[in-house]
Amino acid sequence: MLSIRDLNVYYGGIHALKGVSIDVEEGQIVSIIGANGAGKSTLLNAISGMVKPKEGRILFKGKELPPAPHKIVELGISQVPEGRLIFANLTVKDNLMMGAYLRKDKIGIEKDLEKVFALFPRMKERIHQMAGTLSGGEQQMLAIGRGLMSNPDLILLDEPSLGLAPLLVKTIFDIIESIQQMRKTILLVEQNAYKALSIADKAYVLEQGKIVKEGSGKELIKDKSIQEAYLGKKQKSEETLA
Amino acid sequence: TPKGTPDTGQKAGEPEVVKVGWIGSLTGDQAVWGQCELNTVKMMFEEINAKGGLLGKKVEVIGYDTRGDATEAVNAVKRLTSQDKVIAIIGPNASGQAIAISSVLEEMKVPDIATVATNPKVTVVDGKVKPFNFRVCFIDPYQGAVAAGYAADVLGFKKAAILYDVADDYSQGLTEFFEKYFIEKGGQIVAKEAFKSGDVDFRPQLSKIKESNPEVIFMPYFFKEVALSANQARELGINAVFMGGDGWPSDVLIEMAKDAIEGSYIVNHLDFNDPEVQDFKAAYKAKYNKSVELNGYLAYDAVKLLEAAVNKANSLDPVAIRDALETASVKGITGQINISKETHNPEGKDAAIIKMVNGEYVFQQKYSAK
Amino acid sequence: MAGFMQQIINGLSIGSVYALMAVGYSLVYSIMNFSNFAHGGVIMIGAYIGFFLLAAYKMPFYVAFALAGAGAGLLALIIERVAYSPLRKRKAPFLYFIISAMGASIFLENIVIATIGPTFKTYPKVFSTQPITVGSLSVGRLDLIMFVISAISLAILIFVIEKTKIGMAIRGTAYSVRASALMGVNTDHVIMIVFGLGGLLGGIAGMLFGMKYTVYPQIGFITIKSFIAAVFGGLGSLPGAVIGSVLLGIIETLTSGYLSSQFRDLIAFALLIVVLIVRPMGLMGKFTEDKA
Amino acid sequence: MNILEFNNVTKQFGGLTAVGNVDFQVAKDSIFGLIGPNGAGKTTIFNLITGIYHVTEGEILFEGKRINGLQPYQIAQLGITRTFQNIRLFKKLTIYENILTACHENGNYGIFDAILRNGKYKKQERIMHEKTQTLMEIMGLEDRKDIIAANLPYGWQRRLEIARALASNPKLLLLDEPAAGMNPDETLKLMTLIHEIRKQFKVTMIVIEHHMDLIMGVCDKIMVLNFGQKLAEGTAQEIQENKKVIEAYLGEEEMHC
Amino acid sequence: MDWFYIQGILILAGINLLAVLGLSLLTGFTGLFSFGHAGFMAIGAYTTAIMSVKLHLPFIPSLMIGGLIAALVSLLIGKLTLNLKGDYFCIATLGLGEAIRLILDNVQYLGGARGWPGIPLKTTLLNVVIIDIIGIIILVNLIRSKHGRNMIAIREEEMASQIIGINVFRYKMISLMISAIYAGVAGGMLGHYLGFLQPKMFQIVKSTELTIIVIFGGLGSISGSVLGALVLTSLPEMLRTFAQWRLVVYGIAVIFIMISRPQGLMGGHEFSFHAVKKIISSMFYRKKQRGLGGR
């Protein structure tokens, strides 16, 4: 569905992505893990057209992506950005409606709105609150809900569990799986590597702008070096909890 | 030479062309007048050149824009006197600029003839006459006195109101002297209201003036505001006679406020219908396809005065011209100009009283304040 | 009392002039978050277009009116393309936009002086200037028309901004161009629509201003007043812009009428500052506690 | 001895009670954990302590003195500082400049000393630069000295926020989700860092986090908020076993493994 | 070009520069946008003139008093308005500038709108340059100190500044007062350069001209301000021959430079002393290299 070949992105002198190639099959959850600054967000932004790659190709359903971000959304790719980027000056409802900006099917929109409210009842309670005054976690819920509202074929999630309470983190991963059930494709960037790998059909490890490993989620979870670099703590915390 | 005075009566290879400077507003809200002045000067110089030039040399004008800004005027005069080496400068039309440039004129020893700069301090400060500043127009106290005298003595008004532009030097000057002389003549100022340059709505002030029931309203400002305020006054049902100064005359005023200003009186520099004026008016119109504004007449006189001084001095040296200007006398289009050595003003110049009749500027009489 | 009422009417009349100008200005402000000082120039050009269409081409009023609005809207778009869009592309801070806007306004004023000329022009009479009198009070016909037109255009504008999808996109873009783009909004279009609308309102304002007063290259100067009025009412709030304008008009007239016309602006400014001290976001501006 | 006390503090936004009648004490030199579901009012408590919001009711005592009503900078000067959940760095300045700026209380000289560049200025500036240098080293930022803050990846920005907060020698440091955006490994390092900071700077800390490992690993005492009310308070052990907390916040699964 | 003329432009550029330096502290380094600095110039100009003409004080003390009075007025204004944000503050200063002008228009003792001629000519290129250099040194030293850093912090992120203990209001006030002193002294020099003062000289246009220079030169860059003052003061002079087209060209030039260098002339150099150093050192370096036989 999505295939990226040899992608190179620069920020001025900083070479943020160095020849990255990934493939995402329809209906899969593909996770990308990596340390801070590895270039994960940059990769998602390149797909969304928010940063212009210097070299490389991004093919979506076999076709080259157009340069303008709104055209890319039209094709069915939507991003839930890192740091939420909710519209602080709009109400919760309007934020969600912005998510559905390109959709024309009124009934479908209503249905999806109800779905979002079912996922996040807090959003329904706060439907008229200015989004800027929501708590951090509430904003994160809103951002995810907004991403769902565009009913995309491919949804790019940039650290969706950031700042969410443990209970909600669990819910979020459940939601991600249920989104997959709705025959959508998901490209997931996560710091919570354990969770991200356990639900992934396929995963990539990004280090300093390069893909250093790829494989199925299950394989990678068992990988020694990955356990050390990204999951090390998980084992330890399990000890403490036990 | 760092601070070389332009010695025009100079060395080998004497210039074939003599340069005369002009400064004034070509841009900004005073551009109407500036552009007309420069046009007039250009036209006159062509005439002079056709007749053989100044002392046999072709004369050329270098005109610089000042945006109506004193600082810019100083820059422009510095450039004219040092780089362009002009023998004299004509303009500007606003007093602020004319005052600001005098130190440069003195330093570079080049005379200036202001056109419509009516503030007394253009030529005389603290009782001392400024050696290089001259003008061809009458001054604010005189104009104010004429207006007040005519209103009180000839028209017999007792109650006057004043509307003026508080941010404008010209308007403040006329206001002060009109008020002073009108009261001296036993009149009463029943209202004195101000607006600020750039305003377009005068109803609040006019409403207040209306309540004071004046017989005459003195409006010492420029024709755009005159047109607007006159119309608004009539709309508010004010029936008093309007009176104004030399900021009024223009075809545009009539076009816009013909009915409102019917019956108004204006203190002017000349009678537009004077037969002697017609040639110039027609020539200007033919050349520029626009009617000449009031400033054109005074620019005309400034050029005439300069020509007379050069001929009298029989020299193109700026200082010699200055000396000649001190006692120059010439018959101008706005009347006889006799420069006084003490004030550098054209003394004894009568004002022309004009009345608006059927949308025409109709000359009433020459009038001079005692 | 009649005097007082007349002054209030005078104030409303001046206020509605400010209001028409302030709305277009405030609209652009609310999206772009910078004071578009070229708006004055757009208003002025609108006034000239209206003038030429009426005086030289003798067009019917409604046609001229529509064309003046359209022409000014187009001009605003051109300014956006030439002077702002390159800055936007490079994500320059808002101050640079202001300078570019000032450049544009200097350019517009002076291009008119250099080509059409500095003299003011008078609109041909379209509506009777005979005021409507009620008792000893008089109201200009044009004042009434301006009042109605400001009210209608404001109502339409608020409806568009608050209730339509494009309005939502406008508000979204106002907050974050980046986030809106991610939602599939063609932010370039939205910004052009905003400038176009702002220009359109400016053109209408200019033409009505020209009819009521006169046309001259420095009309833009008066927009400083509407800028102040917009701040007074709360920046970015369209109803605020209108209320601020009307209040400013009334304050100005009452000050001239009852306190001192010499110090009118001084008193008006002092009042403005008092209002801002009590309500730092203007009368209708939303005061949001900064959330950490 | 308690460094901070909340007595019956309430904060309302319009009809919404974000914090309602909350009482708690933070012991000096301890690390105090503040947890609770999203929107429970945790950040609001930080905003109240630092004076960014004004309390609706109740009082906040710092070292026994009432601080509500003071300006944020006054509270900061008393020795309370914080990091922000939504990062607020001096974006266009470099890492070094960010910290150096925050060191301003470490050196004391007037405007005229600065203008004259006298000895006092030089000496005090040196102190500030040294302090900055030390902080950079402790926080592991020294080799990124000249990077503009805005261009840093998320995780480092959080680190920089902590460094900046430490620069003003706080007695009480409030960390709002310091591990957000860090992977488990980095979170682990952060834990070590927090212990290190406690040792080196002798600072009391209040930490808001949703990473339970971090909270359980570093906090001496934990308070759980829910809907603006105190739900529970106690040691890590007590909190983990508290039914109400599990139900409202932690979730079942975590306990089973 | 004649030196006499150039000298005049340089003096004006120097006077503008001084006002611009102050404004640069306020706008470029503290992030406050003022539209009323012509008002502070006016206060300085008239005060200085009163001191030297009416009280017969020497020029330099007169200038200093002019600056101080401007600072005093800014203190009053600041107390009222510095809590306002962004454009609200900007409008308040605009109002202030106009208010000052309006008062001066009405004070007949100082000439009212008709102006005040006969002020002694005391401003020379030499004293302008000296005062400018002092002004630059003070500003550079200030910005390189913790006080300057605090101001920059306020510009960058006001809330974070408070949280690290910066008294935001106080520093805004200091910045405003210093900028008012600069503007006041510049005004004093202007009056004693022209020998004439008129409230008209201090219109909004003058304020915006200063702001344009600051931004044009590059926000937060002193070397940019220097360059900006020189370029923008002489640009209208260079365009003189365009007559009524002059400002048309000027407007286009401003837009063109903004869109082609959207960070201003010295854009990207946050700390101008870096820039100054770099420029100077690169100049030396280049010269040296050339001396050694080129690169």
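The first chain written gets the first letter, and so on, giving A, B, C, D and E; residue counts start at 1 in each chain.
Everything that follows uses one rule, which is that a residue touches a chain if its C-beta (ideal position, glycine included) is under 8 Å from a C-beta of that chain, and two chains touch if they have at least 3 such contacts.
Predicted model, so just to flag it, every value in this text is computed and none were measured.
Seen from the C-alpha centroid of chain E, the farthest chain centroid is that of A. Comparing chain pairs B-C and C-E by the number of C-beta pairs in contact, the larger count belongs to C-E. Of all chains, the one whose CA centroid is most distant from that of chain C is D. Separating the centre of chain A from that of chain E, both taken as means of CA atoms, is a distance of 49 Å.
Work out the mean CA point of chain C and of chain E, and you get 30 Å between them. Our note on geometry: chain B versus chain E, Cα centroid distance of 35 Å, whole angstroms.
Among all residues of chain D, those that touch two or more other chains are 43, 50, 52, 84-86, 88. Shared interface positions of chain A, i.e. residues touching 2 or more other chains, are given as 133.
Residue positions 110, 113-114, 262, 265, 290-292 of chain C are each in touch with at least two other chains.
The part of chain A that touches chain D in the complex is made up of residues 11, 14, 33, 35-38, 82-83, 122, 133-138, 140-141, 159, 162-170, 191-194, 228-234, 236-238, 240-242.
Across the complex, chain E is touched by residues 50-52, 71-73, 76-77, 81-82, 84, 88-93, 97, 100-105, 107, 109, 111, 113-117, 121, 124-125, 128, 164-165, 167-168 of chain D. Across the interface of their complex, chain D is touched by residues 138, 141-142, 144-150, 152-153, 156-157, 159-168, 174, 270 of chain E.
On chain D, the positions that touch chain A within their shared complex are 13, 35-43, 85-86, 151-156, 177, 180-188, 210, 212-213, 216-217, 240, 248-251, 253-255, 257. Taken together, the chain C residues at the contact with chain A in this complex read 165, 168-169, 171-172, 174-176, 178-187, 288, 291.
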